[in-house]
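Structure record follows, encoded as structure tokens.
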Amino acid sequence: MSGFPWISVLTLVPIAGAIVVLAVGAASHTVVRRTALGFSLIALALTLLLWYGFHPEANGYQYQEMHPWISMLNANYHVGIDGLGLLMLLLSAIVTPIGMLASRQVERQVSLYFALMLLLQACLFGTFTALSFIHWFIFWEMGLIPAFFLVRLWGGPKSAKAAMQFLVYTMVGSITMLMSFLAIFLATRSFDFVDIGRMAQSGRLMPEIVARLGWHLLTPEHTAMVIFAGVFLGFAVKVPVIPFHTWLPLTYTEAPTGTTILLTGAMSKMGLYGFLRILLPCFGVQMQHVLTPLLWLAVATIVLSAYTAWAQTDLKRMFAYSSINHLGYCILAIFAVAKFTGTDAGLMSQKFAAMDGVFLQMFNHGLTAATLFWFIAMLEKRSGGVRGLNDFGGLRRVMPVFTGLMGIALFSSLGLPGLNGFIGEFLIFKGSFPLVTWATALSVLGLLITAIFILGILQRVFYGALPEVWAQLPDLTVGERLSLVPVIGLMFVLGLYPQLVLGVVNHTAMQMALTLRNF
Amino acid sequence: MNWIVRNLWLIPMLPMVAAGIIAVTKRKGRMLAASLAIGSMSLSFLLSVWAFAHVVLLRNQGQIDLQVWNFRWFQFGNEWVSLGWILNPLTAVMVVMVTFVGLLIFIYSIGYMAHDENFTRFFGFLALFAAAMLGLIVANSLLLLFMCWEIVGLTSYLLIGFWYSNPRAAAASKKAFLTTRIGDLPFFLGIVWLYSKSGTLLFYNGGTGCLEPMSLEHLVAQRTTIGMCVATGIALLIFCGAVGKSGQFPLHVWLPDAMEGPTPVSALIHAATMVAAGVFLVARVYPLMSAHALVHGAVSTSAALQVVTWVGSITALFGALIAVAQYDIKRILAYSTISQLGYMMMGLGVGGVSVGMFHLITHAFFKSLLFLGAGSVIHGCSGEQDIRRMGGLGKLMPFTFATYAVGMLALCGFPLFFSGFWSKDEILHAAHVWDLSQIPFYMGAFAALLTAFYMARQMYYVFAGSTRLEVGEAHGDGANATAGMEHEHGPVPHESPAVMTVPLMTLAGCTLLLGFLGTPAWPWFQSFLEDTRLRVDFGAFAREGMFPVMISSSLIVFLGLGLGWWFYGREPVDAADAPDHLGRRVPAIFAVLGHAFYMDALYDKTFVRANIAFSRISTWLDRWVWNGAVQIVRYGTLAFAHMDSFIDNHVVNGAFDEGCEGVSRSGQILAKLQTGRVQSYLKVIGVALIVFTALLLWRANA
Amino acid sequence: MNPLTGYVFLSALLFAVGLAGALTRRNAMLVLIGIELMLNAANLNFIAFWRYGPHPEALTGVMFVIFSIGVAAAEAAVGLSIILAVYRHSKTTNLDEMDSLKG
Amino acid sequence: MTVTFLILAGVTIVGMAAAMSLRNLVHCVLSLTLGLVGLAGLFLELDAQFVGFTQILVYVGAVAILAMFAVMMTRGAAQQQESRPTSVRISGVLIAGGVFLVLAWAMCHGLMTLGAPVQPEAEVKQIGVALMRSYVLPLEVIGLLLTAALIGAGVIAMEEKRGAR
């Protein structure tokens, strides 16, 4: 690997973009939009370069940069990516331009809006590349700030409440996580994920914590569990896992749709990323101890969110719940992977499948959910903000292309084979079923309910009689079609040739599944 | 490896490419769309015939006739997921049938859909359907099969809801997709289970495939927690998928509603091919279905096949019963399809692959013939679908009538010259010699009686007597499709154009001829599928009670037809609103049958309502419990914050203020004390001395 | 009543008298004299305790008194000279009028 | 409790009380001298000859004379003296009384019953030895202090015209 600090540069590009966008703020909105989009596309290009230069078969992290930072805390500026990080970078880089394209309705303080978006992207990049807790946590928390303002300043009528809920809720999770990490730091003097993971896998982490911290009121197991619970809460809120999800529907609904795209497409992955990068390698034992309740949580996340989505009438709210549902599968698979230790070849194969499935599902959900919200943005733009399920009908007559393309995205979300959603779900179920049979079997219900409400959307919005009000709705413009083509195309490509992604992440997935064997 | 085996993927790929091109064609490109679809289908048909010939050739040379071509698709962990295609007699028969029937229906659709504004889209969907269906057939991987299976479901959804403005079509399409998906989910679990147990989803892969003896032995040897053999468990889960797709008993409710789609769709998807995919699936995984018996060499049928048999026979009877009391021409055929699919399942269960598949093939021809005939009738009657408003069409639509009669007799199983007779008879015979129970046989026989009866009823209603069509009134769901036709043809019932009648006649011809491929005397079809020696043997009629079964089933057919004549032929139906002749006799039963045993209402009241209730509950949970917990925490925090702020304002701040004031006041006081007079200070010192000394002494005393 | 008690009471009384004078008189000179009185009361105490205490051979009380007298002499000298200086400054020895320390 | 003690105590108390309560400053100083002489007698009674004589020398001979000089020099102010408000007097007396009571109480309470008093030998020689041995440092310090006091008193009492420029 060359010594060029690719990742730092990649993280700095959106920040520079934000500054430039603010600087040209006085210019026309179009210029601002194009500038911001340009920077996000530069970031995308850089990410593709990283993708191109990535060695899928190599162990460990690539493009690493390491500089001493706060020596007192033993904290380093340590960044690097493996397959997972790379995939998440790519997802963030894809989702951000989508979010920008879907932000056409933003008319006030345009330059600030786009600057915040770029800033959010930088935080995402930072989060997905950091390998040291402090550095990672700073980006993790910093991401909240642009997100908060994006929701608060450009959101819907209840945005104040939504932004506050979002901020406070995630903050609470972050704080518990921070405390847990401080506990770990006090015991290990390290903030490095790799080190901590290594200690956990060799079984030294928890005894050290118990020895150094010595909370005499608690047994060692309980101490470990409390620390685990703190970290778990932080991530569970972010993903979210039922019952820590209540901030999400309101936030996704009230946020401007462009922001929602970033929130669901990339930010929700931060939680899962945390599950994979931190919880699984460091707290595998604790997860095993409480596996049954965790599995119930996962099943509840999948099934209840699907049912709740069915009962919604606001399209954005529906997709918000649907997001919870889709990420629930990832949660299920992660818990399933945590179930068994050991090196049994049959089990390992299932774990690999589940892990690969999680990676794919994360990416696919990001892509599909972002696209769906994009469609909503386009619909809102045409309908003047109306997006109720029952406000429409028969739109297929006036917007056939829109219907067709959104139909593809909807079916991708439903998990139709041939589109990107399927393989991830297949691998997740394939891997989880032998590991946690009943939870997986129950989760299948989520697939059915998802189908019900997605077909419900199609039926109520696009089928049936066309109300007079919408008789003049214009179909997609040429520009919109052209910008949609790559995304929809990617759905097909991933659905038909998942090896494109799997080839890159498979090795990382294996490594992650293998680290668990040592517990 | 032969070229055709390696390039078997071309058969589904050609329609797929056509569908892709049509998808980006403008609405006006009607001819382009139709010709692309039909052209690709013709090429696929030719390739299918080539493949078929190849298999026949191999068979005749006595070579191994199972050829596969596998390739790697994607990787997880150290493993690769492989897909592939397979060429064996089962595939060959199915591809030929699907491409041939499909081609005819494509051609027919040009006429039927001529006036539809979404003509282009229609052919796009049809081509996509054909691609997926053919992919399903050639798939050598359960995963690939499932993927195509789902896409078939999607196209079915799209085509049922083709007239999307009609809310009933929209609802029916949704119902179809969801009902089949209910079956698909256990199927999906079955696949996942099978994958985890056998390590591969390839059917055949040179000894390591999941349907090959090594894997099967492995599956049979293992037991689930409830004592069932793993192979049985997987087989039953997979069968759930077939139940959904093939409209078997508990999940049949979507098929009648699917008739909201255009009639060619009903003919192609909901009669000939897609619904038969479930039967095909069972046939494809037949080694797994019969694994228990296969491995143990037991005479008895495996548990999975028993389930298949019972579900099939129940469905056969059930569908036939309901069909008796329907008025919609397409719904009668839909229930008939359900019933016949039940027959096929029963055939698979009691007789094996060839028995069920033979009926599948013959049924595909005569049922698509019937549907196309019904479509022709509907087309001729400007969208009317209620048989009570038809009548006397025999004279007005002679070609349609003749071909319809052929299809009807084949469906009834009229002896000797109609394919349905041979295939159905074989099922009945197999059921008769089934060693577990005779009940399926009697159920099948009774269903055969009912079949003859309801088809006779339909014939009399539609073609006999005088026309009862109300001029200028377009009822039913074909209205949309045929809305434009009235201007050209006028309201009078009329014969359909040649583009529609020619496929009808072709199908009728096939219907007549096909039966002779599988007579007991010369069971070519059976031997082809099951790899047995083929010879002409008229003695077969005499074996194992074959002859009595033939005679009795013929008698049953005559009885059914006779009953139909007794009720509906003797005194022709004269008025559109006259009560049904049978319904007059047994109104209660007729009402129950007319409402299809109230299954839809039952499901509405139970499953649908339970699910809706659960969705309400989960919303309620979301709003009150989860959110409530958060709100409690929030209000708790708020209360704490308020308390804190109260304390701050009134206690801490108050104390501080008080303190400040006190300090300042005491300062004032002290300032007063601070007289600057030495003596007053000294006084204070004196007082302090007194106090402290007193205190010390008092403490010392105490 | 042993002799010590008498001396001690006497010293307390002297102290009280000195204090009363220091507190009530307005003339600075008399206040100073009151303070001298209190010092003398303390001296008496020291001597009495030395005389009747357990270790008279240690001479502690005597020594204390000797130094105390020395200090008292110095104090008297300085105090009186201050009074003179103040008197020269303000023509009064009235303490009530010397309140420039007032807060 | 000897007669000598009672007489000496009476002289002392009367002298002191007069010194504190008489109106004429000169009388006050004179009665103070009487009280100090009484006190010196008490010291002698307590077998502390050296201290007793020192008392006479220093107090009677030096302090009282000094006070007399001061009284004389501030005579102008003496006429201005008028009685203070009764409340001040009463409070002062009360406080003094309180202090006496407290002290008396403490003494009653705190005094142990002593054994037979031994005759101490406080010869001047011993005192001198002690001063030059154990207490040599305090002796030096007190010498310093006295010197400083002497100079300081002189400086303070000097003519103001020269002190304040």
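Labels for the chains are A, B, C and D, by order of writing; each one numbers its residues from 1.
Basically, a residue touches a chain if its C-beta (ideal position, glycine included) is under 8 Å from a C-beta of that chain, and two chains touch if they have at least 3 such contacts.
The structure displayed is predicted, hence computed values, not measured ones.
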| item | value |
| --- | --- |
| C-D or B-C - the one linked by more C-beta pairs in contact | C-D |
| Between chain B and chain C, centroid-to-centroid distance (C-alpha), Å | 118 |
| Centre distance in Å when chain C and chain D are each reduced to the mean of their C-alpha atoms | 5 |
| Geometric centre distance via CA averages, chain D-chain B, whole Å | 123 |
| Chain A and chain D: spacing of chain centres that average the CA atoms, whole Å | 94 |
| Interface hub residues of chain C, defined as touching at least two other chains | 19, 23-24, 96 |
| Set of chain D residues in contact with two or more other chains | 91-92, 95-96, 99, 103 |
| Graph class of chain-chain contacts, one of line, ring, star, complete, other | other |
| Listing of all chain pairs that touch each other, if any do | A-B, B-C, B-D, C-D |
| Partner chain A, residues of chain B touching it in the complex | 23, 27, 73-79, 143, 146-148, 150-151, 154, 157, 161, 164-167, 169-171, 173-174, 177-178, 181-182, 185-186, 188-189, 192-193, 195-196, 199, 611, 614-619, 621-622, 625-627, 629-630 |
| Chain C partner contacts - residues on chain B that touch it in the complex | 670-671, 674-679, 682-683, 686 |
| Of all residues in chain C, those that touch chain D in their complex | 1-10, 12-21, 23-27, 29-30, 32-34, 36-37, 40, 43-44, 47-48, 50-54, 56-57, 59, 62-63, 65-67, 69-78, 80-85, 87-89, 91-94, 96 |
| Complex contacts: residues of chain A adjacent to chain B | 169, 242-243, 245-246, 249, 303-305, 307-308, 310-312, 348-353, 355-357, 394, 396-397, 400, 404, 411, 416-418, 422-423, 426-427, 429-430, 433-434, 440-441, 444-445, 447-449, 451-452, 455-456, 458-459, 462-466, 497-499, 502-503, 506, 509-510, 513 |
| Complex contacts: residues of chain C adjacent to chain B | 19, 22-24, 31, 95-96, 98-103 |
